[in-house]
């Protein structure tokens, strides 16, 4: 069976893990062949890719949506051609009205930022800073859904009664990049403002901030640093006692699950409309579970 | 209206430290044909550029047709009635001959369409053939782009452009420099026709024979200044060369140069 | 062109050896690429790119693929029509993608419905007075935003003598900022039904082809077209010949901006959402279409027909890759090679044509 | 330049009115921008941008900020040195950012350590024979990849007569594909200690300034520089005068490629990781630096000193925004305006200088 | 070695449908000075471009200094010993006068540095002054860029460039077209010097007086073909004009035109 896959972007580390999970699962299955396309974070391109898949006569389509608001048009295109469609990783906006032959496999994005932020809040309390703590936030590209969502999660958490001792000094975009984060953090350090926590929308930016702080001679014990993704670099950094919090998303599991769901849909089996795979918080205590 | 078509007073142009034109006082009567001569780099083209608004002068006044003028660009000058053949020709290399001839004043239909009015290619092609015949140039295919024309062919296109449209004053900066024997003769005929029609002319030229053939009066530039103003009948070639080289300077210009 | 080529005597001129129109080269390249894909398709996937090989659709051609080939380039194609004109003036427009992004956010905000699935619209940008507006409002807002951006580009290029690359680079950054600032990066969704019609089905293609025809006529038969070519060929000459060059440049950039605004309207209507990241790098695609279609970056040479064929080439390549199941990594590599190859072929053809006896 | 300006008689020439060097304008713009930030800083955040206002550092200047201003532009600045030379030949290099990305992945793969935290390197790209290599290997690989990409660019531009915009656009797509294909998009991390030294601390700045000095001398006092300017000024004339234009262009693009490769080495060393998305849109930053520094996109005019000041301007702006805690949205908008403004100022100054009595 | 420096046989150049040059058979002896005359668009510059390798010929052979040559570009031609002043001058607008004069053969120091060898600015500046004096042109500041020079000043720079370097054959395409009276005289002196030094010359010119003053033999082009080959002493101006206009055609060229 031929399955077309459209992934939001290829140069995203997390989504690459998911992609590799799909490829590994494909190798295990007989007679399933995947065709994976890069939507380069472009909603319109993704819709075109789906139409191209339909024109090529694939048996099913898996979509990792660039913009979860744009899924209505995709559902309509696949439904009218009678091709099964599985959304993966990001929840489509038309979840409630998803046509037959379509399903959703993912984790709930709102969890990721919230889990990390809440744990950072607890760590700060544990350090005895509940009288007032100051934080910086490094954001991903502002045109990106996950960046907007995770930033909002963090701000929601520090707006809660339990965590409102944290004040956000500044938030800027470092475009998901370690290098930009490093420069941005150095800029912040150069203003001389004291701070207690740094939250990165992803691990790469958190690591960049750590590198900048180490270069400035700031002790990593005094600062709580959090990220999202649990990349292997982040785990190494956590082992070294630098990174304090990250969030693991079973992306490989999502990828494999989406293929299984797609095959079930092709075979006309009954499938749950939504399959949720939860996020897991990673801290120095439980890091062992996540090491290879 | 007076019988003076063009008058400049104290016209001056400096390029950084280079004083290319200094205090030029110049008068041209209606219907008069005047030649400007002088060494290379004497400031002749600079003088032309100040009058036609291609550049903004450093100081001085220009009076055209009774009004003080300060053209913002050659478009203004043309609209006021000055047609110019520049030394650098001003042709669009990728366009063909009729397109160049009518550049900036195309013949159009459906004029209510504003900038989107429709071009009348046929009329322009016919007028082009007529205009080129006046210059005597041979062009095998007028649909070829200007980039593919020989030096003389380009020059003839530029001249035909000027000759096709009536004006109060025509300025030609070395129009026959690149032309062959026959073509030069034709262009000189065009100039004679202008004289008959009573149009004024400023001719920049290095060709002594041509100048004495065609104009009424000769102005000599040297090192950015006007150094002589000679009636054709009261001078001769040797005399003019003396002014050009600096062996002589006109009485009224003694202070200069 | 008719056959009444004329000249004023002189050299022998052999009319039969007239110049081979450049568009034919581009067309030949398109056909060549299709043939290559057909061969590769037959060898590697046992299917045909354009013809019907499985019985999903009963006709000679694979209609779904023909349709997607052109739909997917129609929107960028509309931008490319404007970019073509800008490049012919020897300019460049790097801002069109970002202007599309900013316009998408703004126009969509005026196209929202009041109720979604019975509940009030969860993403309304403005108050209730701005919901359920007639479709003309967002369309006009979209065109207006594009025109304003274009006019600013044009003024910078024409009056401040800033190189177009820089002026439009500045606009690109600015518009990208605006797109993200508007609704703080949140997408704008849920348009009215009337708005959703604009970009539905084949409508983008119809609009693209109609505009292409219109601008083909404008570029070849009107004053506007002639002056556009003249400015690109020799701006100083155009100025000295009395063309109001600055005013004309502003007009050209304004039209290019308007087309970017229009694309934003169609794109948001087609996708039923506006995202601040929309249109990113579309400017490069649009430029690639124009250049593959034979528009010269030095100005003065090019045609709308060429650009349309250039757009089709990109459409065929994109669909062809999916059809060949080529890994996404290779797509960019091959696309890079094909762009270079198409232009190299064009250059070589032109050189040969010039040298031909 | 000395004061022995000469001429062969003729007009009056007033030596005291020599031309005001263009670099001074750019410097003035830099100072102006710093002053604006100082004023805004005093008003809105009660701090100074460059001077020490809190006691964390005991000196007149805020040294940490001075350092970050230049560190953050040093790597793109190295690219800009090459781009400056390319633009002076009337070319453009859109590929440098992607070439950096591809080179980063490849070079880093040869710089990996065998053991991380006691365990074997979890990300090793090649077998154990390729781990813990001497630092010269990845550096050479990096420079080599850059040079190869540059040579291909140069050959396309010089021999196939493809416009530089298109040739390097093709290379940009190709290199981006290579970057993603290499290790299928997975980041490459954990370099050897020796490799990590290259980009540590102020090393990028030292390398940048040393190269700037070198190329300043090369552009002004050697044959290479003169021919680069001559080609940009009038390629046909350069050709007719007997300069081997194609060979020279290949050399220029190769040097630009090499500098992009070097940046990749420094960047990966500084970040201790290589990612396929690295370098994205660096080409635009590099071009912006060159152009703000007074390099003309029409070719023939520009200087290395100008580009270095241009880089500093971008550094000050980036740091200044963070310092003012300006919302991220506004940064791009303001950066767009400043790029346009700097060039407009330069154009206006030049026009005024030309018109000055 | 024979005493023939340049010989072309059947040299032909077509631009698409335009037959700009047809079957040109041409011989130049060592030390001989020959003029090429003809109407605008007759194919004179085209002929020059084929010899110097600026363009690739459609057919025919060129023999230079005893060898069959097929120059890939003007660089090759120059290395073989042909110096040319092209009608389009070939100057780099953004460079100053010495840079242009020495373009492509700069004086350098530390030559082991290859492409990065160091320029000897001082020597080049001095040689420039000497070279320009030969042409008699006045340039207020040689550090000014060529873009700021007058038409004649540019032409003198191009001529000085050719005159500064010894060669076996010099080709000048309308070198004095833009020049003033004095400068023209100086350039003619340069040509006379070449004659004394025994260097061969091809001079394209529309100036009858100049041609009769300077050269040994006159070749006339018409409509892309050679129509006459006249010894200076056996002809006069009217005769030449008759050939140019087509009133006469040389006996040996009867088949042509």
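Some points to look at:
Order of writing sets the chain letters: A, B, C, D and E. Residues in each chain are counted from 1.
FYI, a contact is a pair of C-beta atoms (placed from the backbone, for glycine too) under 8 Å apart; a residue touches a chain by one contact, two chains touch by 3 or more.
Remember, predicted model here, so these are calculated numbers, not experimental data.
Touching chain A and chain C at once are the following chains: D.
Ranking every chain by how far its Cα centroid lies from the centroid of chain B, the top place goes to A.
Averaged C-alpha coordinates give centres for chain A and chain D that are 33 Å from one another.
In whole angstrom, the spacing between the mean C-alpha positions of chain B and chain E is 29.
Rounded to a whole number, the gap between the C-alpha centres of chain C and chain E is 48 angstrom.
Chain C has residues 10-13, 180, 184, 327-329, 331 in contact with two or more other chains. Multi-chain contact residues, meaning those touching two or more other chains, occur in chain A at positions 10, 38, 142. Of all residues in chain B, those that touch two or more other chains are 15, 17-18, 39, 41, 88, 137-141, 223. Residues 4, 10, 33, 35-38, 40-45, 47-49, 51-57, 66-67, 69-70, 72-73, 81, 93, 96-97, 141-145, 147-148 of chain A are the ones touching chain C in the complex.
Taken in their complex, chain A has these residues touching chain D: 10-11, 13, 16, 19-20, 38, 139, 142, 169-173, 176-179, 182-184, 186-192, 204, 207-208, 211, 215-216, 231-233, 236, 239-240, 292. If you check the complex, the residues on chain B that touch chain C are 54, 73-75, 78-79, 84, 86, 88-95, 99, 103-106, 108, 113, 115-119, 125, 129, 132-133, 137-143, 161. The part of chain C that touches chain D in the complex is made up of residues 92, 156, 160-163, 165-167, 169-178, 180-181, 184, 284, 287-288, 291, 296-298, 327-337, 339-340, 343-344, 347-348, 351.
Residue ranges on chain B touching chain E, taken from their complex, read 15, 17-18, 37-42, 44-46, 87-88, 137-141, 144, 148-153, 155-156, 174, 177-184, 206, 208, 223, 241, 244-245.
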